[in-house]
Amino acid sequence: MNTAFHSKSLHLKNRVLVASGTFGYGNEVARFTDLSKIGGIVTKSVSWKPRIGNAPMRIAETPSGMLNSIGLANVGIEEFTAEKLPYLRNVDSQIIVNIAASTIDEYIQILERLEDEEGIAAYEINVSCPNVKEGGLNFGTRCEMTGEITRELRKRTDRFLIIKLTPNVTHIADFAKTCQDEGADSVSLINTLVGMAVNIKTRRPVLSTITGGFSGPAIKPVALAKVYEAAKAVKIPIIGIGGIMSWKDAIEFLLVGASAIQVGTANFLDPDAAAKIAEGMAAYCEEEGIEDIQELVGALKVHETQSAPGFVPVKA
Amino acid sequence: MTVNQWYSVRSNRKVAEETYALRFSAPELAETIKPGQFLNVRVTKEHDPLLRRPYSISNIYGDECEIVYAVEGRGTNILSRMDETSEIGVIGPLGNPFGMEKDYGTAVIMAGGIGVAPFPILTTALKEMGKNTVTLVGARNGTRLFTDGLADPIVATDDGSAGYHGNVLDCFKAQVDLSSLDNPRIFACGPTPMLHAIQQYALETGIQCELSLETEMACGMGICQGCPIESKSAPRKYSLVCTDGPCFEADDIVFHQHTHA
Amino acid sequence: MNTAFHSKSLHLKNRVLVASGTFGYGNEVARFTDLSKIGGIVTKSVSWKPRIGNAPMRIAETPSGMLNSIGLANVGIEEFTAEKLPYLRNVDSQIIVNIAASTIDEYIQILERLEDEEGIAAYEINVSCPNVKEGGLNFGTRCEMTGEITRELRKRTDRFLIIKLTPNVTHIADFAKTCQDEGADSVSLINTLVGMAVNIKTRRPVLSTITGGFSGPAIKPVALAKVYEAAKAVKIPIIGIGGIMSWKDAIEFLLVGASAIQVGTANFLDPDAAAKIAEGMAAYCEEEGIEDIQELVGALKVHETQSAPGFVPVKA
Amino acid sequence: MTVNQWYSVRSNRKVAEETYALRFSAPELAETIKPGQFLNVRVTKEHDPLLRRPYSISNIYGDECEIVYAVEGRGTNILSRMDETSEIGVIGPLGNPFGMEKDYGTAVIMAGGIGVAPFPILTTALKEMGKNTVTLVGARNGTRLFTDGLADPIVATDDGSAGYHGNVLDCFKAQVDLSSLDNPRIFACGPTPMLHAIQQYALETGIQCELSLETEMACGMGICQGCPIESKSAPRKYSLVCTDGPCFEADDIVFHQHTHA
């Protein structure tokens, strides 16, 4: 029984990755889990310079979910390559470096710097960042800008290039399509939704940044709908993310069209979650007599009586 | 040894107003966990409330670990309804222990409200080390006081219903002769405004002082970056309370009025 | 202490309404609650012709939320005016009729028919409907179309006109602004998010329509962020909707800028929820010494250290 | 009287494999609820699982109401862990009772699996009315059988481990002499495929038949429109199981293969 993922230069032993920003650089949780059981580790977004991140409070709990405003706190590219990458290279899993930047030039600069480094299996590009040149407008909410980032980075690397899409757009399929057209090898989705929490005692927003990134099981229905929408629009493999807590959730994402999945918030509840999910998926395939887990990808059966309204909210 | 598993609740007794002590049997944890470290606890197997809640290890009874908690919100409400048929999910030990091995003479324990939680186990450890201790415990009122496992606690209450009428620090100043203490070191835990005041007192008097901090936490193990505290020793402004703390030297921490909420 | 809402022709005794499609026509739950304690009752969307609604399954439970694909099942305008409206008129609460249609002409037709009827305090226009002329594209995801509906309906009524916005757009503030510019008296938000659930046993979507409308406490963080964003963009009163379960949730919506709120999914768990929320809000005002609940509207304090990133997801 | 409130659990016993009977004291409900009606039950005060779960009233013991449930998913798992310290939120009575007053001679009760739940209270009511009853109960196997409160049940199991080897309908055909029954009326509850088969049998033989249906429900009281069933008497194709049912005349219902999931 085969659970591996192969696409171009990317080879994962299974379909489970850990999501950027939810697993540190691997070393923090090595005592809680067997890293070699995870298909791939996506690193915390790395920026050119170190970033201290946002002021507290950075975390708010919501019904079945959480908000974060970490603010891309990270060690910066130099310390990342000098101190984090060496540890990660020795882990028996694939390393996917997630890149964040506030100008297209900065994306390019980081990627080119990483091209010199060994042991990187893929890049994941976080486009949910404010574009300083456009007055803070989020790169990822504008198709042209997402396309431009993809095009510029594609020119500069032969490594596996994943664009991580934000769900905070009207038609995510358009973004997935644009990434495919501009040469991305894959798209991953969803990044966090925009959410907010209020403390009625202090009458202040809970988070220092007012709004924050919404993740966890609460958002799974949105993530499934977005992955389904994107999967119908593109041929490149999709990596599904959003609220995955169990192997069952992971199988749901495969069925709607994801070729692999990422585990995010679940790591906070159980640092062994990703390993358990990979095991659970394998056990499920064994039980169901599935020889290659690829059979499940996009295998959702849509009944004759079921229409396919795509992105149109089904209100009529 | 590090644990990440579900345990049956052995007992869960009310020990003071809105305050409970919960025990579970975990020999592997009881053996290794140190005063000042904490556990990150899941109170349900459902998705709401979602996050774990951090609790200091309060005491060890043979194989059993005890946490002491105040009923604050949803998580602690659920905890308070638990009995022997209930289970809690435990990750730990997490964080760094109190600096018991530092160079000092007398340990001055200052606990405010549920900040008393980590001190029974610390008291035992200090006794084993042969240290002198002075212990001050503050609470809103007498019915909320919990002093089990502490050595000769001096009590203060906000409303004067038991012991000194006022807060722990004022009580210390009023009732303890500082000059009689041999090279003291403060170990403090409680609400942030209290810790802030104790920090200022320690800086003014030059007394060694260690604060056990509380912040919101999503993971408790350094992977979410959700628990920053401004710290002078941090290379990039913020330390993480979960992995760099929760115990910090008082002079390392920068408090801001608006982080007291 | 005053909890009433007054804006132009709309006068509500308190700030709590029940959301369209979650309270039937009032009569179904009269035995469970005192309808006179609710500020206003928004009716199930009414269309020109009766609609049978979608095939089963129409409901899926998700973490702290639910999906529905009711498909605007309703009795149609004739039966509505003949059989539902008379009952509602006798209820000591304000009646807001929610209108759904698949062409602009149909919106107009329904509104004009309702103009002949007494006892209607306001219209709420559900624009989260597929536009048949545009091949099923959702009206509410296109600013021009939302604006056109508003303009056409505004011309034809002096009654209080509320446009109900869909959250499935990149910048909801643009939509709120457009509605204000075209003469709407208020906007209500949010309608349901697009969500999906999968049954891994059958390998089928749970809902007959594949995707459905996502509601309940899970979506509250998104709803708060959208209301906050819209409130900064417009001056007309906003009605906040999404995941409100308790009076505390309601106060949060007021603080971020809603003048009134609607209770939706909570009615399914407790048909007395709206009445309890109204009572709880009043008790809170008493305790806090708030003389007019209007003081809370938009009263969120944003700390000096807090930036206001608006619609930009705070990822940096 | 209609109730919408939280009740303490009085008892919660395992009565068969994966099957429990839970009681709570609610005089106002016990007095008014009728066989075939149901309660919509909240199993937690948190937000997950969110929706109420519908359960038939199974029996009344003085002031106490009993529901009988099979452990299926998250909601029933939570229920199965409840004890006297737990509370359930109850709305009811909901839906329409069985047509006990209709014109028939013998009541034929057909229960499949947890479909047995509504029949103890119906049996009592029928006895009070002086009706003859024939009762058939089917289960996957003998360990899952629960027949308390039924009158002389004829048993069938899928694996033959108890009673007739086969399903309830085949058992009825094999073991009951239809012609000996005086103007029979079937009261059936169980999995949809079973109800579908019974419906077809009733239509073929012309026997009166009433089916107690199950669907997903969000509200249970007619305000969400989430529980449609295709019905011939419905003005617009669908009836609502919660308010038009859950008991329907067999010839009114249209089953589709794909709704059996």
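We just call them A, B, C and D in the order they show up, numbering each chain from 1.
The working rule: a contact is a pair of C-beta atoms (placed from the backbone, for glycine too) under 8 Å apart; a residue touches a chain by one contact, two chains touch by 3 or more.
What you see is a predicted model; the values in this text were computed from it and never measured.
Set against one another, B-C and A-B show the most C-beta pairs in contact at A-B. Each chain gets a centre from the mean of its Cα atoms; the one farthest from the centre of subunit C is B.
Distance from the subunit A centre to the subunit D centre is 46 Å, each centre being the mean of its Cα atoms. Between subunit A and subunit B, the centres computed from C-alpha atoms are 36 Å apart. Remark: subunit B and subunit D have CA centroids separated by 53 Å (rounded to whole angstrom). Of all residues in subunit B, those touching 2 or more other chains are 47-49, listed in ascending order. Looking at subunit A, residues 51, 55, 62-65, 202, 204, 216-218, 303, 305 sit in touch with two or more other chains. If the chains shown are joined wherever they touch, the resulting network links each chain directly to all the rest. Interface residues of subunit C, counted against subunit D in their complex, comprise 21-24, 28-29, 31-32, 44, 50-53, 55-66, 68, 70, 73, 75, 199, 201-202, 204, 216-218, 245, 265, 267-272.
Listing the residues of subunit B that touch subunit D in their complex gives 44, 46-49, 74, 78, 81, 83, 85. The residues of subunit B lying in touch with subunit A in their complex are 2, 4, 42, 47-52, 91, 215-219, 221-229, 236-238, 243, 259, 261. Interface of subunit A with subunit D (complex): residues 63-64, 217, 303, 305. Here subunit D touches subunit A in the complex through residues 47-48, 258, going by the rule given at the top.
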